Amino acid sequence: MMIENIKKQFPIFSNKVQNNDLVYLDSANSSQKPQVVVDRIYDFYTKEFSNVGRSVHYLAVAATNLYEETRTLMQKYINAKDPNEIVFTKGATEAINLVANTFGQKFLKEGDEILLTELEHHSNYVPWHYLRRSKGIQIKFAEINSDGEISLESIERQINRNTKMIAITHLSNVTGAILPIKEITQLAHSKNIPVLVDGCQGAPHLKLDMQDIGCDFYAISCHKMYGPTGLGILYAKKKWLEALPPYQGGGGMIKEVNKEGITFGDLPNKYEAGTMATAQVIAFGESIKFLNKIGIENIENHESELTKYGEEVLRRNNSVKLVGNPKNKGSVLSFTLDGIHPHDIATILDEDGVAIRAGHHCCQILHDKLGLPATARASLGVYNTKEDIDKLNESINKCKDIFSK
Amino acid sequence: MMIENIKKQFPIFSNKVQNNDLVYLDSANSSQKPQVVVDRIYDFYTKEFSNVGRSVHYLAVAATNLYEETRTLMQKYINAKDPNEIVFTKGATEAINLVANTFGQKFLKEGDEILLTELEHHSNYVPWHYLRRSKGIQIKFAEINSDGEISLESIERQINRNTKMIAITHLSNVTGAILPIKEITQLAHSKNIPVLVDGCQGAPHLKLDMQDIGCDFYAISCHKMYGPTGLGILYAKKKWLEALPPYQGGGGMIKEVNKEGITFGDLPNKYEAGTMATAQVIAFGESIKFLNKIGIENIENHESELTKYGEEVLRRNNSVKLVGNPKNKGSVLSFTLDGIHPHDIATILDEDGVAIRAGHHCCQILHDKLGLPATARASLGVYNTKEDIDKLNESINKCKDIFSK
Amino acid sequence: MNLKELYQEIILDHGKNPRNLKKSENFNKDAKGHNPLCGDKVHVFLKIDEDKKISDISFEGSGCAISMASASIMTDLMKEKNEKEVKELISDFLDMIKHNPELKSKNLDDNEKTKLMSLSGVKQYPMRVKCATLAWHTLTSAINNSQNETNSEKLD
Amino acid sequence: MNLKELYQEIILDHGKNPRNLKKSENFNKDAKGHNPLCGDKVHVFLKIDEDKKISDISFEGSGCAISMASASIMTDLMKEKNEKEVKELISDFLDMIKHNPELKSKNLDDNEKTKLMSLSGVKQYPMRVKCATLAWHTLTSAINNSQNETNSEKLD
């Protein structure tokens, strides 16, 4: 794969940031956008704009078709069985809230348990916490091992007959650990427990096959997947979308309304209340086409090579401590530097145009467990190169220089 | 005001739609976007993109500042007291769901009543309907008069000591009636009842002063206000945002998290869980600047002149029946044609490039009351002209020709 | 001109004066259809005899000219047809309205074909195809004794 | 060069070896501060005597070099100052860190001024201003007996 060409497809890299070439290592936070995606937004607003699904005029019909085309593209991309298993949300956070809220309403009662892991992002904890308050449910946490991984056994250990849902990340946004979600799903299903996967970090980097994985819910953040902000996707098996109550109420999701009551629309409308993020959905179709063009296998190879290279380079750098050491690791390199706080690292790196993130990355429970108030994190995307890693390493050395004064 | 120049600021009008000039009369559904807004999105994604509020690198800091700048611009635009009274949502529908859900959780119990009007959009009914099911509350409807208006008296008539919230539209998206929301709020507050205004149709067309109106909540749909899709705004008085529980849970809205519990962040973060619609918020800042540049008073004048002209022209056309006849009317012209179904009208108009909407416009209760299964609706924006109205009228005549065969 | 093709005389006639617009007496099958997008509604009633022939068919509903005309023409054509013929005719019509230039059926006389073909102009109006097909999908539901309301938005 | 200005020797020294990093015995006022963005935390302890003088001041917390150095320098300077002087100094510092090139206070000797001015490089790093001001806002809360945790993200 001609990776140089891929970087060229992202306009931001042809601009200087504070007189530096941008070394963007914050893709786990949000990815940059390829030209085709930005162009699609521009063209849609300037030549084709209309709201979808409501009016019968030409532009509205065309927009509606484009909108539904993305649903089908996404269905195929993740090999879902039915396009109506794709629900557009405002983000992965909303997708998880949707499931926790509606599943909680319908199926949970006091004493029921939800099983999470210590790796979970706040977005896959707070929505369940609400049910602790409103329904009196319990939350259990599968524990990480010393490499920052979650094994099938650590999940199995926490399952009991009160377990009503297992909600786990696909790929940790801190340690990079890739969880055995297919095996976990098989285990869970053998005990009749549904599985939600927080796929924020999985979807942009790993080949997805919903029918193979078998999970019940999979939450995706489009802005991390070379798509626009303000858009997420909930994949959910049709039987769940049919069984669960609707989430938000409003225009577009109803069938009949009168003063006494309401009947709700069929899928996918039931979960898409109000005017949706039309332009973003349509532009996200281009993100999927972009990914398809490169090929997810090529992306996996490229990124796994880069991740290995990054691990090597940083390990060779004595003062760097990598956070976690999972065997099956996605494109995240979290680290600490002796005696230098991650925020100081991020500021010094930024001066060289190296953009990383410092903090707890919305994983406070994990950081508590690791005994680290904060970590520095370099995370990769399809556009990154070995040169980017080398620049990261150089800038890390600069931190050491400055602090050794 | 040089209205010709304003149309020129919207790129869509310089393109032909199916070989016709576009006569866009569907702004109540969604407005077209000025060049400055589309350009801002383009520039942000191609030169400045980063997620907000999380990383400390240069792009992230800049994006965060731009994001918060829109909050302040909006605060000033609607004269809210505090920028933290502006909450970004995915749409007006979410804004109303947010209030109904959190207010319901905290303050409502069986037998309490919510007072709506017969003019309400499904988005200002379904969220309250949920509380009927979950909490056993009642929903009352203030009735319209024969002109399709809601008077202060029709509200007063339905208030009793169980009334816990009044939720009303600012401007009907069907009859165009503008409600006396300031007087209704005064009445409501004299009885200690909070007021939510569905401002979807008010915000793009009317001068707003939250401190003068005094309402507790005001919901806005940015895509109807010359802004991007996938974005809405909830204005809420600070005391409410402090008193109500959070809505969705996730990253960015917490203070401290551990396995046992969570403390929530301060305003405005408390209600902005997960990655927000960064690019859309930043671009919406340009929509506000665009509106400020023209001046909302000029917009009000222009649109009210056009509305009057439209009423005249359509009244002169014998077979047209206008829906509603409010004294205080916003830029909506709903109508029926004897013997021709609104969908047939919309199709025939579309052939001339005249884009209107046909149906119940998410106001089924109102249509039942009016005894109309559907209506045709032409709705206006700042870019419309008298010529657009004339073309509408010509195409209506064509409908008559075709159907009189 | 396109619009003239869409709103042909036959359609306008059936749209304004729909045939069989009533509730059949003694019907033994029925089904409801709905197009949430535009609010079109239809309720189809059938009387199927022991020899599987439709001895009576009618409908109630409201909607645009296209949907009323389509229901009217459909009910006219289906009378005295047996179940197999009905099913063939439905799929022939649906194919025609979406893909094919012509009807394939051998069971229709020229006059009947002309009536049905009058709906073919809808093809160029994708948003209106649902109007034309609603009654036909609903008839399928009635024959299959389906309890679910037919939603033409989902089917086309 | 900017970074060198930010990470001056004084800051690195105070950052690595913060003074007064402990919980004062017999403190009679205290307050907690927090910067949710980066997780910096500080807890300031004061002993204010009857004559309104600070006889002891200390802090506990964790954070970046800037926030630790700022708390360390602040606690050093505040000792033996009375409430009025403390408030003046706080507002002088906050002005300097955000807008002014210099400190205005007449209550500081040159050595003290140099120490404080070492934090002025932060001005060019808007995201880090909150780190430098956290301890100072928290001190204000302590003096005012505020119960709310100070959130420097909201204040700057």
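Here are some notes:
Chains: A, B, C and D, in written order; residue numbering restarts at 1 for each.
The definition used in the following text is that a residue touches a chain if its C-beta (ideal position, glycine included) is under 8 Å from a C-beta of that chain, and two chains touch if they have at least 3 such contacts.
In this text the structure is predicted, and so the values were computed from the model without any measurement.
Path length between chain A and chain C in the chain contact graph, taken as the least number of steps between touching chains: 1. Of all chains, the one whose mean C-alpha position sits at the greatest distance from that of chain A is C. Separating the CA-averaged centres of chain A and chain D is a span of 38 Å. Averaging Cα coordinates per chain places chain C and chain D 79 Å apart. Chain B and chain D have centres, each the mean of its CA atoms, that are 46 Å apart. Along chain A, residues 54, 56, 60, 254, 343, 347, 358-359 each make contact with two or more other chains. The set of chain D residues touching two or more other chains comprises 37-38, 127-128. Listed in rising order, the residues of chain A touching chain B in the complex are 11-12, 15, 17-18, 22, 26, 29-30, 32-33, 35, 37-38, 41-42, 45-51, 54-60, 90-94, 96-97, 105, 121-123, 125-127, 129-130, 134, 139, 141, 221, 223, 228-232, 248-254, 256-259, 261-262, 273-280, 343, 346-347, 349-350, 354-359, 362, 364-365, 368.
Chain A makes touch with chain C in their complex at residues 53-54, 56, 60-61, 65, 254-255, 265-266, 269. Of all residues in chain C, only 34, 36-38, 126-128, 149, 151, 154 touch chain A in the complex they form.
Those residues of chain C that touch chain B in the shared complex are 2-4, 6-7, 9, 12, 16, 37-41, 62-66, 125, 127-128, 131. By the touch rule above, chain B contacts chain C in their complex via residues 339-344, 347-348, 351, 358-360, 373-374, 402-403, 405.
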